[in-house]
Every structure is written in structure tokens, then in C-alpha cells.
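The following pair of complexes shares a single chain, subunit A, combined with subunit B in the former and subunit C in the latter.
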Partner chain A sequence: MKNRIKLELRRNPISFIFFFIGFAIIVFVVGTLFNMLYKQLIVSPAYFIAILKDQYVLKSIGLTLYASFLATILAVIFGIPLAYAIARNEFYGKNIIESIIDIPVIIPHTVAGIALFSLLSRRGTVGSIFGNLGIVFQDSLWGVVIAMFFVSYPLFVNSAKDGFVSVNPNFERVARTLGASQWKAFYQIALPLSYPHLISGAIMSWARGISEFGAVVVIAYYPMIASTLIFYRFNTGGLKESQPIAVLLILLCFITFLFLRLISRKKG
Partner chain B sequence: MIRIENLSNNWGTFTLNNISLEIKEGEYFVILGPTGAGKTLLLELIVGLYIPNEGNIFIDGKDITYEVPEKRGLGFLYQDYSLFPHLSVKKNIEYGMKLRNISKNEIDSKIKELSNILKIEHLMHRDTTTLSGGEQQKVALARALAINPKVLLLDEPFSALDENTKSKLISEMKDLHRKEGITFIHVTHSQEEAILLADRIGIMMNGTVVQVGNPDEIFYKPISKEIAKFVKIENIWEGKVIEKKEEELIVDVNGKQIVALSDHFKVGQGVRLIIRPEDIILGKGNTSARNEFKGKVISVIKHGFYHIVRVDCGFQVEAAVTKQSVENLNIKEGKDIHIFFKATALQVIKR
Partner chain C sequence: MNKRKTYIKISALFLIGIMVALTAGCTGQTDTGQKTVLKVLIAGSLTSPMEKVEAKFEADHKNVDVQLEPAGSLECIKKITELGTQADVLASADYTLIPAMMMPNYADWYILFAKNEMVLTYSDKSKYASIVNENNWYKILDKPDVVWAFSNPNLDPCGYRTPMTIQLAEFEYEDDQIFEKLISSKSKITINEVNGTYVITTPEDLAPDTSKITIRNKSVELVSMVQEGGIDYAWEYISVAIQNDLKYVRLPGSINLSDVGYEKIYKKVQVKTTDGKTQTAKPIVYGITVPKNAPNAALANEFVKYVIDENGQKIFNEDGQPPVVPAKANDKTKLPQILQQYAADN
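After this line comes the complex of A and B, so read on.
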């Protein structure tokens, strides 16, 4: 066994060396989070327990999960058609469209927030029209949702696109020769075969929404989502007040994503 | 049964150019041509996955050129078989029938019938991703035939299989055609498949159908130099008609006079003579054959179970002979030899 490892090390040194270099990243991430969890949960759990009883904090975390869920629903409704259209067609300017989809990923999120604010605030170009219909974005749930949607949909669309691209288009063509309309070929063949990509895209998009701060805080400081609340408490009460909320959010997110990954894997 | 009129398509990668074709009811029709000739596109136009720029397609007299694929009722088999990977073998075969709201009893009896014909009963509950190439082909055939198609279109159905599976399945395909009694249209670049399966063959080159005929016509009487080359005839001699008596032509090829039969040509006209290497006989000379020439062996090459002998007799001749005759006649490079062939074996085309 020992000889075997030695032999492999000599034959394929890169695999070993790169693994050890790369492992630094894992140590960095786990160390950062574990340090915080350790302090809060083991060293001085009193603050953490107090947070669990703080209605304002619990509500804020609930709002965050809910708003990001709504943003993900929007991403799914509009993202599936967009992803499918891009995956199945070759057209002039396709890569321009693909670059536009990625814009929210590359611009600073406070910039995204300001852009959204100028469009959707009470006096904004579009915001005033929606205001007349009774839908307000500035400092409202819809403001939170739209900001989360803006920054998170690219993750869903790109994943869905990869999913549709990975489905051999001949499957749908054969389905049509067997008597399926284009709609049926889409939802009986292309859609189920892309499920793993669609689900992982939706999970990533949801996670991205929960983690958003910059875009949300500009358009909707209130109602306070978890990241805004953590920032507020950090400014007013320092680490002592902000860290327990952060730990609770980490734990909740981690458990939920683990759960979602597990059920989606079973389905895939 | 299927009539294609002046079909042209000039967008996308392949171009089809003014194709006209008639395929008869119950026929096994092979579209044979080199890669890139547009064969698959022609099938996709017939089945309705694309629509042509010009021309029409009729089935049983009805114009279906612009009909959506799901209403055409034609069976289609892709080269990669395209079994739905998320459905079991049985669900794949049922797919088309379920879309037609056929009762469960009918579906079951049809599946029984097809799995019996194709010998795939044992595969019914398997996952399609675990099937071998040959098994995949049979399941795809069952799925296509389950909708009782008027025509079955096959796109290079044997190209994804190993040699042994291929030769076994080619003979089974012939049986299947006989049992089902429907029209098969089979696209391939393999002459072997065409010879073994076709009732008639359409040769397709550069986006158009250049010759249609039964296998003998295609392989012995190609109507152009390009087709002759494609069906692996190296004996293409250029000459000129110097004499004509009724159906009989005397053609001058590099100063040698060859007798051929055809009534389409005039004295003085340039022609090409084409003859398959199997129709050339080698011997010691002095037979009664009118086309007998003396020459020198240039090369002897072993080619599978026979030998290709190249002879220079003023013009270059390629003959396919058995190992036995190579030994009996002691054919060797540099030796003198006589070649013979029948006038009727020659195909005369215009130059």
C-alpha cells in the first residue's frame, strides 16, 4: 500500500502537489466559518440562544428565505423559456444576448441597486407606473424580491441552458415523428431530462438571493433582510450583536441546501 | 407512394438541388451516397423536421410538404437511435401509441407482436442506457414501428455498430421489411448495405439524386464517371466511336479497338467505357472473344478474398480474380497476359 502511494507520487506528481496547494482554499473557507461557529456555539452560546428568541431576527431571516424564494420562482418562470430558446437556436447576436444575461454577475451590486432604484423608486420611470397599480418597490417586499431576482437569475438561466444543451435535440425530433406536438416534446422529453440542471440552478439562484446585500439595501433598507440586519447590528453593536445572527443564517442555509441537494439527487 | 418533385433546399449546412424521386409501395429503397451529400437532410425533409425552399413531397397523392412531423405518421430512426434515456425500454416503445390514446390492451398486444418479431422480449424492463448498440437499434425500430407508420425511414442505421453485429442485423432488417410489408427508405454510404438490402437504389451526390435503379443497374451500368468511381469501378476508358453497325459500336481507346453495344452514339463522338473489375477475365489467349487484348501485369494486390490485378494493354485495366486463378495462370508483375471481356458487360456513357 505504502509502495503504491510512493509509486503514484512518482508517476503522477501533479495530482498530489496540486491537491495540497488547492486544499488551502478549503482550509480557508472552513476555518473562517468554523471559527465563528465555534465561538458562538461552544465558547459563549448565551448570545446565540438569545437570538433564537429574538422575534425581529427570526422574522427577518424568514423574510429573506421567502423573498429569495419568490425571486427564484420569477427566475424559473422567465428563465426556462430564455434558456431553452438560447440552447436550441443559433441566431445572429446570440453571444451578445448571453453576455447581457451575465451582466448582473459582473457589475458591483450596489451599482445594480442604484440602477434599480432609479427605475423603480416611487418617482422612478417604471416605479411610478407600478405605484398607480398599487405595487411599490421602494422599501417593500417587492423591492427586495426584484433586487434578489436581478442578481440571482443568471445562475438559474445559465444552469438551465447547460441542461437543455446537454439534451440531444434528436430526442425531441424523434418524439415529434412519433406524434408529439412541439409542446409535448418539450415537457415530456427536454424538460424532465434537464431536471438535475434546473433544480441545481434553482438552488443556486435561491442561495444567491439569500446572500444578497448591496442591491437590496439600496432599494429596500426596510423591511430588513438578514444581511441588512447583520450589517446594521454590526455598525451599532459590533461583532457581539451581529455574529449570532450570522451563525444562525449559516446553519439554516447549510441545512436547507444539504436537504435540497439530497432530494434533487434522488430525483436525478 | 412517395413522390418527391423538384425538391430544393439551400439554407443551413447542406444544399439539396432539384431532387425528383418516386418510391413505390412496399419497396426497400436505399439512398446511397458519400458523406456530405445531403442524405440525412433529405430524410428530415420527408419526415417533416424541416421544410424545403422549393418543391413538394407527396404521400399517397397527398401533398405533405408543409405538414407538421407529428401528423405525417412516418417512422424515423436516427443514426444514434435516440432512445429516451429517462424512460424504460417498454415506455420508449409505448410512447407514440400513448400519444394516440390507444387502449392499454391494444398497446400490450402491439408490444408483444413487435418484441416477438424483433426478439426483444427480455429487454422490456431494462434501462435504455444499459443496452448494447444492436439492442438499442431494435428498441428504436420497435418504437418507430409501434405507430404503424406508412413508411420507415432509416438514417445510417448500421454505422454505430461493430462488424459482426452489423452483418447479423442487416439480414434481420431484410426479414423485418418482408414481415412488416411497408416501405423502407434507408440512407447509407455503405455499398455493402445497399447491395444486401435494396430493391432499388438512388445515388445521391452533391445534394442531388444522380441515378436511380436496381442494384445491377447501379453497380454495372453507372451513368457517369463520378458514379462509376463511387461504386469502385476503376476501369473507365476514354475513347471515340470510329464505326457503328446497328447496335454495335467500335470504340478507339488509345489506338485499341473495343467492341461495345449501344444505340445512343454516333461515329466520331467521344465516349467513356465502363466495366466492373469482376467482368474482366484473364487468360492465356486465343479465345473467340472479340474483346481480347494482350498486356503486361503492372501489379497484383491482395484484396480480402480476391486479388486485384492491374494490366497495361495500351489502356489500363483492373481485374478482380480469385486466388486460384492467380496461381493457375502464374500471374506476376511484369508477365505478359491476355484479358477478355464481353461487349454486353461494357457500359457506354457520353464524355
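After this line comes the complex of A and C, so read on.
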């Protein structure tokens, strides 16, 4: 597989040109981040090392990864059926449903946060019902999760939808004619074949949740997630105290995502 | 089918684009092509009157686009001193931040131009809204079913003024349990008395009991939460309460940090924030300056004039932010020529 791509690159000059032009994006990202990483890790590592020992920072980064993970699980649980239903059916108003799914991507995050707050706060219409069940969103882990979920699920749903669309429905039909139940056709044919899309959607959704600030900070200032803490430290201690946290978060996320992509590629 | 969908999506986006362009066109915000941009960093609580000053200034200077950037006062100043933002005007909710953080490197003069006071805001939806008043507010905040809020003392002056006010209430109401009941038993904020001075310490992890106390970065963020009924009471400046039509309890002059007559009593309370600084309670006075590295200093000076002249005073009065009349300068000899006649020495 790899060799074939190399050969193609050699034979096909347009690939070279495209690769060259596209590389500008990589340079842009690496340049931006490298500047920060270099300053932090090479020029003044003392602050970075101090951060590694700061329990509050570590806890907050752990919380961020964990909460976004929970948000992604929610996105997977609710997103797979939604994506499958949309991919396999044509119905009146499908465009509207698809546009609704995309809404969280469009609206400003603070607005999303306020909307969530008014619905889910202790006194909110839905929040008070959950409150009776012992689930509180205002300034709690669940508030963080729900805000992350709100902004990140479209990435998963859209990717999953693309995945299911890419699987030829005839495969499932053939399985059905061979006696498989509808459910079996779904989880033995459609699900495994769209696996790469699902994984990549889940990774993007998780990443999106980790990066969220605006929506989370309205409904759940506490417990402090990394982006809230970075914003806070920037305001109290300036760049020198906020940047090391950002660098640590970037490194952790980069390693995790690289790892996940490697695993998923092997399986896919 | 897919093609059709794409068309529909593209035309929908197009429509939205047109709508956005139209709205922006009506408010005249997008047309910055040839205009000089005047960047004005302001304390969040100044947003409303500053918008009115902005409108007046832009009406008189057609080629200038004033861009207000409201944020916490500390944040505004740090943008200049840490991020290297080139701002034309800076207005802080606590004038002392200018000499403490900007002078002498980033500013060499400032003007005191407006005052404010601490109030306890609420809405019709708030618990005990019908009975709360200036004598019982601290008992109501302590009721188990009441949720109240203030902004982060380490980020927002309104935030560190809240525990100050609550401590001052102990003197006014002659009840030495108020601070303990409202603050220290429900968070990691502590208080120590040393020779008659009360030093409040606000750690980074405030660890509030979130079923009772809500904390956010800036006090203005709490406004919509009070309006939505998510919290019952929030500590704000009176200007914010008036601009947002919130109900509020007006507190005695000895605790609301607005009365210069009580300066000696205020001074007994201090707050030590996480940046290592100690804030001493004092009357709330706003300060404005033009940073030394302002790209458009002449225009910036003129904008300051618009804030402190008679018309500016009128705007601030109407927004519940009593102006300092006449405005006072730290050192009149350092003021730009154009501002000399509008300010007196402090």
C-alpha cells in the first residue's frame, strides 16, 4: 500500500505540486506551535517542570480529557443511530434535520452556554427535573460534559453519517437475503465497514470537547477544565503561568491522538 | 439528489451570509476599510456608557472606527503589558491598577472620571425577592435554599470587593458571624485579623460550595444568570444593575464602597489575591489613560475628552455611574494639552 503511493507520487507530478501547496498548512500549524513549545521546553523549562508538579493543573487536565471522553461516549451512543437512520433513509425534512445537527457548529459558544444554562441550571426547566434525580449540571462535571457534548457531537454524527453512506446498502441487503436479521446486518456489516469513519469522528469529537471554553465556562466554571484554568492563569499570572499548561495540554493531546490514529489505522 | 442537497445547503449559507451582511451593514460595523481604528480597552462594567460615547465620537469623526474591547480590568491591562496589544485608550474599574501595573513603562498619567457602588442584585424570580432589604440581605443569603453569586476575586475587582463588602457588613450590623457564615464556611476564602486590619485571602482554588455559591470570571456574566433565575442574588456594581434593569438592594454607605466619607472604615479590610497583590478596600473610582504606545495618541486623547467633558458626564450619570466632577488627574502637568481644562489635580 505504502509503496504504491510512493510510486504514484513519482509518476504523477500533480501529486507533488498538490503536496507542496498543501504543505503550507502543516508549516503554518507547526510554526505556530513550535514557537511556543520551543520557548517553553528549551528556553525556559523551569515553569514547565513546575506545572508537571502542580496537582491542580494535572487534575484539571485529567478532568478535561475525562469529561470530553464522556461527552464523546454520549455522542457515540446517540449519534450512531441518528447517523445510520439519516444515511439509510430518504424522508421529507431530511435537510432540515441535517441542518439542525449542524447548529452547534454555527452558533457562538457563549450563546450555546447561555442556552444550556437557562435550560439546565438548577432552576432551569430541565435542570430542575434532573436535579430531583440527583444530577446537577450547574458547576458540576455533568455541566462540563453536556456543554462539551453540545459543541462536539456534530463532528461525530457527520463523520458517522459519511461512514454509513460510504457502505453500499446492497451488502446489508445480501446479508438479509442470507437470513441475517436487520440488527445483525447493521452490526456485522454496516458498523464494521464504517469503522474508520466512526473512529475518526470520535477522535475529532473528543478533541473538540477538550478545546471547548466558551460554552463550558457559562454553565460550569467549576470544576475548572484546562481551558478555563489557562484563561484564569493568563489573567492572574500572565503568559508565563498559562503557557506551560497550554503546552502540556497540546503535548498530551498530540500524543493521544497520534496513538489513536495509529491503532485505528491498523484495525481499519 | 446529493447535488440538489448541496445546492440547497449552499443557497442556505448564502442567505445567511446576506442576512449577516445586512445586519452588519445597518449597524455600520463592517465598514472599516479606510477608517482609522481606535482600540479602546474597557472594564466590562463600562460597556454601556462607553458605547454611547463611542456613538457620539464616531458621529463627529466619520473616518474613525472605535473598537471597544470590554473585559476584566486586569485582563485589559495585561493585554497591554503582557501580550503587547497596542491599545489607544484604557479604562479600568479600579484606577489604582494603572499606577500599580502600567506606570512608568506603559502610561504616565491617568484621570479619575467616574464612581460606582456595590449592590446586591436580584430579579422577580429570586427567592425572598419580596422581603429582601438593606437590613436583612445577609440573613437571606444565608438561607439554605438561596443561591448567590459573585465574580472571581482573583480576576475581577467586583469579585474582590464582594468579600470586602461582606466583611464591612460585620461592622455595620455589629454581627461578627456574617463573613464566616456567608464566605469562609462555604469556600476556601479565609480571613485574619491583624491589629484591627482584616486580611482576606483568596486562593486560586476557591472551592466554593457550588450548591450555595456561584462564581464566574466577571460580574457581568452573572447578569443573565440572575435574569434567568438560575441564581437568586449576585453582587454587582450599581451601574450594571441599572443598565440591565435588575432589581437591587442599595446598601449603607459604610459598606457599599462608594462613599469617600467612609474611607477610614473601608481601609480596615484588605484582600490578598493569588497574584500576590493586596487590595485595600476604598471607594470605587474608575481611571482612564492613553497608553504610551498608543498608535493614535491624538485621537485617543480626544476620545478621553469625550468621556470626561460635560456630555460624557451626562452619559455616565444616565447609566447609573456617577461621574467625578470635575475629573481628577494624578498629575495635571503630565496631561496632554487637550485634556488640561477638563481635569483638576487629585
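FYI, the second predicted complex is superposed on the first by the 243 of 268 C-alpha atoms of A that agree within 3 Å, B and C clash if a C-alpha of one lies under 4 Å from a C-alpha of the other, contacts with A are read in each partner's own complex, and residues count from 1 in each chain.
Keep in mind that, in the parts below, contacts are C-beta pairs under 8 Å (C-beta built on N, C-alpha and C of every residue); 3 or more make two chains touch, one makes a residue touch a chain.
Just so it is clear, the model here is predicted, and its values are computed rather than measured.
Once the two complexes are laid over each other on the shared chain, residue contacts for A:Leu193 go to subunit B alone; subunit C is not touched. Counting the residues of subunit A touched by each of subunit B and subunit C gives the higher count for C.
Contacts of A:Ser15 after superposition on the shared chain: neither subunit B nor subunit C is touched. When the two complexes are overlaid on their common chain A, residue A:Tyr221 makes contact with subunit C while staying clear of subunit B.
When the two structures are aligned on the shared chain, A:Ser140 is found in touch with subunit C, with no touch to subunit B.
When the shared chain is aligned, no partner comes close enough to touch A:Thr125: not subunit B, not subunit C.
Of the two partner chains placed by superposition, only subunit B is touched by A:Arg176; subunit C is not.
Those residues of subunit B that touch subunit A in the complex are listed here as 44, 47-49, 68-70, 72-76, 78, 80, 82, 84-86, 95-96, 99-100, 143-144, 147. By the touch rule above, subunit A contacts subunit B in their complex via residues 168, 170-171, 173-181, 184, 189, 192-193. Listing the residues of subunit C that touch subunit A in their complex gives 1, 5, 8-9, 12, 72, 74-75, 78, 82-83, 125, 147, 152, 154-155, 204-205, 208, 210-211, 214-217, 221, 224-225, 228-231, 273-275.
If you check the complex, the residues on subunit A that touch subunit C are 56, 90, 95, 99, 114, 117-118, 121-124, 136, 138-140, 217-218, 221-222, 231-232, 234-239.
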